[in-house]
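Okay, so chain A shows up in both of these, paired with chain B first and chain C after.
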Partner chain A sequence: MLTRFVDTIRQRFSRPLQYYQDICVRCGACIDACHFYVVSGDPAHIPAYRMTLAKKVMQGRVSDGNRLHNWYREAWGQESRTAAELERAMWECTGCRRCAVFCPFALDTALLVSAGRYSLLQEGIGPQMIAEIGNAEVSKGEIIEMIQEFYVDQTKELEARLQKEFAPDLRIPVEKEGARVLYVPLVGEHAIVPLAKVFHAAQEDWTLSLFTATNHSFFVGDMDKARQAAHWIVQEARRLGVKAIAYPECGHATRTLLSFFESWFGDEIAGIERISVVQLVASYLAEGRIRVKSGTFDVPLTYHDPCNLGRNSGIFEEPRALLRAVATDFRELTPNRELNWCCGGGGGLIAAPEMKEIRMKAGRPKAEQIRQTGAQWVVTTCENCKTQLGDLNEHYGLGIEIKGLVDLVAEALAL
Partner chain B sequence: MAEITPNKVLDARGLQCPMPVVKTSQEIKTIGVGEVLQVLATDPGSMADITAWCKSTGNELLNMEKGGGVFTFYIKRVR
Partner chain C sequence: MRTVAFLFYYITPYIAVIVFLGGIGYQLSRWRQKRPVPANLSLFPRPQGRLGRLMDTLVDMFTLKGLFRVNRPLWVGGFIMHLGLLLLLLGHVRAFTDYYFLWDLLQWGEEQQHQFSAVAGSIAGLLFMFPLFYLLARRFSGAVKWLSSPEDYLVLGLLIAIAITGNHMRFVLDPDTHEIRQFLQGLFRFRWQPAPVSAGISFVYHFAFVQLLMVYFPFSKLMHTIGSVFSKMVAKS
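Moving on, here comes the complex of A and B:
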């Protein structure tokens, strides 16, 4: 037991991780920063303890090559207790990095969790569903020709509908060679419609990707597969000769684009700008490429910084600039920006049905934050956050509505 | 194509990504190998998602249809 975990995590243990483990003095600054620990009181949720636990297991203090030692440990249930503790330490974490902001050394526990999750999956420990969805995303490139014609037909239907409802000359180009921007959506027309409207208003030369941005292999720390899934999009961008790849309101996908594409793809991605639609739409407004009817929304609303867009990618001011342009009663959550509480649904947990209960518990600080603002709408820019906030709304009876930022901008457009 | 008689029906209409795939994965485990699961979905993206999921898991997508805004998949459990 735990042999495959130990073998794998030793291979995955990079120099930075070794330094983090050595540097951590267990000062405890991270304890109250973790939304899981704050609500559970479970030591396995303390970021510093996650480091210590991994160290203990890697040093062979729980399992080693000696059969007699291992028999003795198993007889006392030490291994199974440690395995259960590791499972909670690695999977009951959203990788939000709030702990790293409070850590005096900025130690990156999420990097350990990424390696730990991948290593635990080799033991069959953890939600297999997230890995399964990740595998399907890797396979997407192999089946895309099968569904391409159908997808284009669907897009034409959507385009015709928007031409009637919004603007007769609106276009949703697919596979347009030489377009400036390749927009990679999420599954579902809700991720296409508002962007199609904004691109039309901004007179952007764009094309819709055949793929979607989500990358569940990233959640389980399987970086080879995460790279493979993203590679289909890079190949598409190069084939079409676009100048920029724009990712939708999706936290983890945005993080792969902004923080990993360069190291994953090197020269292959050189010269192709990578941008979140939140940044792109904010730039349209700042440059006067789109105009909005100011004060379109007078309902009290707040903005939830998704960890992967905010804390992990530094996109703080663009969403606020957009909200202030369209809303009259924007209220900040306290705390916000890099100190914002995670919603409790990140790290792929949304896709694992067995994690629902812990998600609801871990979302309690977020629910309390929202309640304190008195906001009726919570606006955010990540699909996982939206789903989690919807679940929290139901669970805690918050009486709010969850809104996408670009949806609001599209609704407020002055054509 | 001859009409396919499913052993079980999964109504995933109205669900958004990645829930049609999550539910399909859960439901396929409740039928026997060789039996067929019919999945109904409304999200156009489910076409690529479910087709790719079948490929990566080794289950067989027997047929897919579209009608009245609903996408219907027939998936045979292979293993």
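Moving on, here comes the complex of A and C:
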């Protein structure tokens, strides 16, 4: 049983994973870090125990009848129980890496979970849905020419609408050669409209990507496919000769851009700047390329640091600078920044309907944290977080509104 | 019996040292054989530059400041235990050589050196031992119970045994330290001296547990001594 899992994860065991497994002292400092464990009390949710489980399964079943040896290796007779626990340990995790901040050795359970998910999928264990969306992202590059025309038409329509509503000379360039910035959006115009406005105000020389930034293969730990999906974007950037790739308000995609692109693409990406739109828009404001009407929003609002933008990418101060510029009553969550609670919806869980229940449970610390601030708006910079916070709002009756940061900036623009 | 005693005092210590060093080498090469992860595993905020990373890692190691922030009781236990351990290791260095420069600097004679190490050794011994009991008690409570594995009890058991036998010698038996130093220096320099008798059976146990610990060290979580430097550096890269 679980032989495929074992074979695959053995192959996937990289250097850090090996020493993580060997040096974890099981001190338990990570226990309080995990929102899953905090709400469930299920041992399978203890960050370090996830590694222990993987170790138990990887070292195989001891059948030599040597009781001392078995005791030392904690061999389990009931393998079905192990499998069920392992499934929870690997899938009921948002990859938020809060546990790594708590761990005195910075052991990164999310790295294990990534390898573990991929290995479990080889057994058919886990939400297939996420992997399938990932596959679609990979194959999109092959059919891009077929959908390009349709996409350009749609963008033209959107452009015409925005010219009427916002500014007559606003442009949404697609496939523009020699543009400075290639902006890679998300599915849906909500990820294009505010940026088109801000780019227009900043007089940025930009072009819209034919692709989207999301990368579901990354969620299931399929790194080959994650790289392939992202490769289309790198190729597009090189074809157009852009100077920078800008990623939208999307946590995991931002992490791939800022922490994985360099090792995935090496020389291919050299000389092309990689930046989150949050950083980009903040730099416009700091450099005076855009101006905002200060105090545009006087509702009490707070900022939720998405794990992948905050502790996993280091984008802490830019969103705060933008918020302080447009809002009068900005309140911090406690704790915030690298110690912020995960919303409970990361790691691709949003894409799997069967995970909704556990998502709502795991979001409880977040909901309580929000309630304490008394904020009416929760601003954030990640698509996953937005969806999850919206669901939490309903589930816990928080009576809040969820806002995108760039949306607020676009609304407050002083032209 | 004489053969056993001979092996125990003059042969197994060398084996323990060889296994200790060889085992660490083996584990390091085992880690090296694995491929590095093709990604940047940074955790933010992170220090700037190579020197900043190194300094930050060192400060982390000597203060456990991350733990201080998130788990104060565990920090108290962990920090004091490691502090005691560090002092004890520094003290045991005197079994092989001495801090000549320090004594020269302070202009301390034999008597003062002896008094100082008696006091410092006593304090360090207690600083080391009491937190170990706390850390053991923790293992039986709450979620840490789930997490604990046999290895954890084994390591704690060994450390507690070493601490108790050491403190027993220090506080109860008050042995002839000169005799013990002669013996250990003899081992170190391959000029064997008679085994100490003034510390009685406590020395035998202490010496045995230390040898066991050295043999077990490379194959246990005690490798965090070395591995944590790597994992911390990776998280700050």
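As a convention for this text, the second predicted complex is superposed on the first by the 399 of 415 C-alpha atoms of A that agree within 3 Å, B and C clash if a C-alpha of one lies under 4 Å from a C-alpha of the other, contacts with A are read in each partner's own complex, and residues count from 1 in each chain.
FYI, contacts are C-beta pairs under 8 Å (C-beta built on N, C-alpha and C of every residue); 3 or more make two chains touch, one makes a residue touch a chain.
All values reported here derive from a predicted model rather than from experimental measurement.
By the touch criterion stated above, A:72 is placed in contact with chain C alone, chain B being left untouched. Looking at the superposition, the partner that touches the larger set of chain A residues, chain B or chain C, turns out to be C. Shared-chain residue A:31: touches chain C; no touch with chain B. By the touch criterion defined above, A:353 lies against chain B but remains apart from chain C after alignment on the C-alpha atoms of chain A.
By the document's definition of touching, of the two partners only chain C reaches A:105; chain B does not.
In the superposition on chain A, contact is made by A:187 with chain B only, not with chain C.
When the two complexes are overlaid on their common chain A, residue A:143 makes contact with chain B while staying clear of chain C. Of all residues in chain C, only 27, 30-32, 34-46, 60, 64, 66-67, 70-71, 74, 78, 138, 143-144, 146-152, 154, 221, 223-224, 227-228, 230-232, 234-236 touch chain A in the complex they form.
Those residues of chain B that touch chain A in the shared complex are 16-18, 21-22, 25-26, 43-49, 51-53, 55-57, 66. Those residues of chain A lying in contact with chain C across their complex are 13-20, 22-29, 31-33, 37, 41, 43, 46, 48-49, 52, 71-72, 74, 97, 100-108, 111, 223, 258-260, 262-264, 310-314, 316, 337-339.
Residues of chain A that touch chain B in their complex: 129, 132-133, 135-140, 142-144, 146-147, 150-151, 154, 186-190, 210, 212, 214, 216, 351, 353, 383, 387.
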